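In what comes next, chain A is part of two complexes: it sits with chain B in the first one and with chain C in the second one.
Entry: the complex of A and B
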């Protein structure tokens, strides 16, 4: 029985590693590498966000704010103050974790639409600060960012970035899968299912919500920092409310409560707009229609819906005693 | 010495006293039932005894610890578990995982250990899975070990909540209407299960409308009416207490005039079912 539970984790990791390893065969130029790296970074954010939304059942419409703080924190420390990029990134991550911890405490008491509003507000405040503090951030014009360097080794080529981001994505997925299958992860899923049910089993729901909120903010912050150093130039466009919505959409599209779904969602919604540009004026219409169609025909998201379709009918359900159904 | 003691316990909802000035003691190792008409305050009392509601007044003392005002997860940590009248199953998880969640207090680990899955945790997880499976067999759910909770019939879900509560290794378990919605055979099996709980050294508090079940398993019965204690004592004594018969089991058993003067739909309905059930009223019929 244990193998049933171990196999999706191990199998999925192997499949993802293979995709990452073999993808460069099809990447003929730097543009494709850029898109692939962007997919990887978005996927890291979505894997974290999916822990919060898909597993713990909490919503955040402000994660672009954490992404932006990671990006700008790392950019400002390394490019304006000359800190080593790695140290800048870790410092920015710590600041984001602390902010998520302090802000998360009060706002995670809220539920549903109210939590959505509060996180939306948080994201908007972060955007306003970044867009108006132009001495530090360059304001709406953005700022250039130094290349990522560890010692004298500079990370410049897209190919190198690809492997770094690929490895980090694998690490993010591995951490997320581990968490979900741990007692803490079960506690998160339980409080999603029934908060009072979880509480009376000894689970401090508030503490667990805060924990997963901080973890998801850290994932977003790290991806933001990497994006800043990779692209060498950042603007507040990635900190907007719209980007928060895009991230949530990726999670829902790929399939909530599915870590690989988050990766697939991030990939699909990052790549799709790039290919749809051939449609010119009709791009957004086709994109919207595809989204609607997917949600109508695969309401659980791409990965869980397909998994259900291809999974063999589960035997144990058929073994139920006929007599035990009377009460339902 | 009592396992749990409440002193002058009250709960008020906007001027309505759901429970008022209740003094009550639960002795270890016995089956205690709490009965009373709908709206008598039984579930409110249960919610206070598990921290879900904070009492307006009074104290709750469990094993000489004052738990008044603590959160539900702290009550659980002290060894109080419960089930719910309206199910609180985690439908986003499998049946077995539901029970594994119950092991949380005994399995929890640091965040680093959870994220990196240290070998010690992997071993603990296997043990946790085995113990959860064992508990499912114990409550008679061996057929559902690899079933999604959404695919289980109602009666099995009721048992799943009991298994999940047992997984916390409680010293006191509170069952909120475990027989509600069960067919007569399933309800009958519940006697056996409750009896086995006490053999494990777990004290049981049963809130139940099914009088056959209550009278069959209880060592002690508390009767609530309008949030106040109406009577308490051994099952036989409570059953023959004229106040209980008057207010609860149906005053028409004594005289038709009393029922008319009580004038409430509840007492009329309970009188009817009491008459048809030969004095063993099944008060599920009295919902209003």
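Entry: the complex of A and C
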């Protein structure tokens, strides 16, 4: 495949890197940095989730659970047991990967709405454990988390965090784009179209689904750990069913089966509520109405819809229409 | 085994059946819309919430319960029809997941609207016929539970008559089996869709009104009730009426027993573990259609 700057892979990466590099010009105070870091962390989760939902066509309404396990795992190991934060984060990630691997196989046998229910159930169970085991997690009041340290170097300033999260986001996007264009990625898209059809072609559907499920869980877990160390405090509110829904909404809002769409969706739905707080009592209503309106008028998500609008004749490589069945 | 066992067990069973009946009504609402459109309507819980809240404010305004309830149900039906007409209908042809996000947007919108129309406080509705407990086999039963059982039973019977005996009901079933074929034999599938939202809204509202005197009602009560209803519908098998009822009852009783015998903090988690365990062995729920994939 010929690679040039017009291809969405390289061109998109360069564009994203430019945005990340130039954004600090407009970030005049720490609050903006906080929001930008939150955008980056949510985007990392969404890039992973988009592999699962957008490409493999497997819905998950439980990823806040993996996010929460990453956050609390890292928080508990580092703050309660004094482990080095980096080691805590990696251990939490390993545990989440193992959990996703073990529960993934039976859960991913389910299809469509049954899969939605099973992942949702898994997420809610994780939430309940975190909210109930207050000796370890602080319960509904949450717990404070030590700063991220590597050796004696502590990562405290928001500006520093910004670059770390920006670099990780680029890495996540790069990994996702490479995966999609690999044989495994093509297998995922094939089984999205038709699982039986893919198996007839010799694709081990169960193995591929499990692989992408574990990858997306790991992305969520790492982002969760980083968020815990960055904000210095976590509560179970980030582990709720509503947060899972929020993450899926970001993916669908930005555009399924579009990695940059996932980033745009995460950015839009993280920044939007910050603006909407000025509406006070009307915030929730307006947010819901915007969500409905966008999906009614751009049912394929913002990025694919806009890409179509501006380039009606060219069909970029990254947004091939997946199977017609959507969530099924 | 102590002498306390039977009365205690009865107590858990009765409260489980009461909640289970409510879950069954919510699950039936999910199933009806699923059958008509293959969409899970995540605003189902909001129908439950609005039904309860509207009845609370109507009866606070001295409207007799016999009038307040039909008015509240009618209001929720209007909300359901509006949801179909202005949010689901314009997105016709969109993928299932897009439609799910639209209904989630609608549920957030309706919750926001509820905080404006009402507030974020807990409200309680007076029981339909007093609070004097009735003794049943050593356990006590609130009169409101009898209302829950009676009305749920009546609704289940009415629905089975509607889907089994009336032309309209059969048209809805036909649409659920094959939308295109139904259209070809002259069924107006758009009306079927509208009707299914109206019916689901009514079922949700009734569930919300029935439960309001037992548990408090507030603007976000629909989140958890919607979730349980969804779990019940899945447990029983999506689209199956019997499944929705059985799923609701099983879930309610499992929850109540777990709360009584294991841990009240983990009652919801245990009910979900049971749901997951059933799905692992029966991937289409207890009564769901087992369909193969067509290539």
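One rule holds for everything that comes next: the second predicted complex is superposed on the first by the 306 of 328 C-alpha atoms of A that agree within 3 Å, B and C clash if a C-alpha of one lies under 4 Å from a C-alpha of the other, contacts with A are read in each partner's own complex, and residues count from 1 in each chain.
To be clear about the criterion, contacts are C-beta pairs under 8 Å (C-beta built on N, C-alpha and C of every residue); 3 or more make two chains touch, one makes a residue touch a chain.
A quick note: this is a predicted structure, and the numbers were derived from the prediction, not measured.
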First, second, both or neither for A:175, with chain B first and chain C second: first
First (chain B), second (chain C), both or neither touched by A:197: both
Which superposed partner A:281 touches (first chain B, second chain C, both, neither): second
Touched partner set for A:149, first chain B, second chain C, both or neither: neither
First, second, both or neither for A:80, with chain B first and chain C second: neither
Partner with the higher number of touched chain A residues, chain C or chain B: C
Common interface positions of chain A, toward chain B and toward chain C: 194, 196-197, 200, 324-328
Touching residues on chain B, where the partner in the complex is chain A: 50-52, 71-73, 75-77, 81-82, 84, 88-93, 97-98, 100-105, 107-109, 111, 113-117, 121, 125-126, 128-129, 143-148, 151, 153-156, 164-165, 167-168, 181-183, 186
Chain A to chain C touching residues, read off their complex: 53, 59, 106-107, 109-114, 116-118, 120-122, 124-125, 128-129, 132, 194-197, 200, 241-242, 245, 248-249, 252-253, 256, 281-292, 295-296, 299-300, 324-328
Parts of chain A lying in touch with chain B, wherever the complex brings them together: 1-2, 4, 175, 178-179, 181-187, 189-190, 192-194, 196-205, 211, 257, 314, 316-317, 319-321, 324-328
For the chain C and chain A complex, residues of the former touching the latter: 34, 38, 40, 42, 87, 90-91, 93-98, 100-102, 104-113, 115-116, 223, 227, 230-231, 234, 238, 265-266, 268-269, 272-273, 275-276, 279-280, 283-285, 288, 292-293, 295
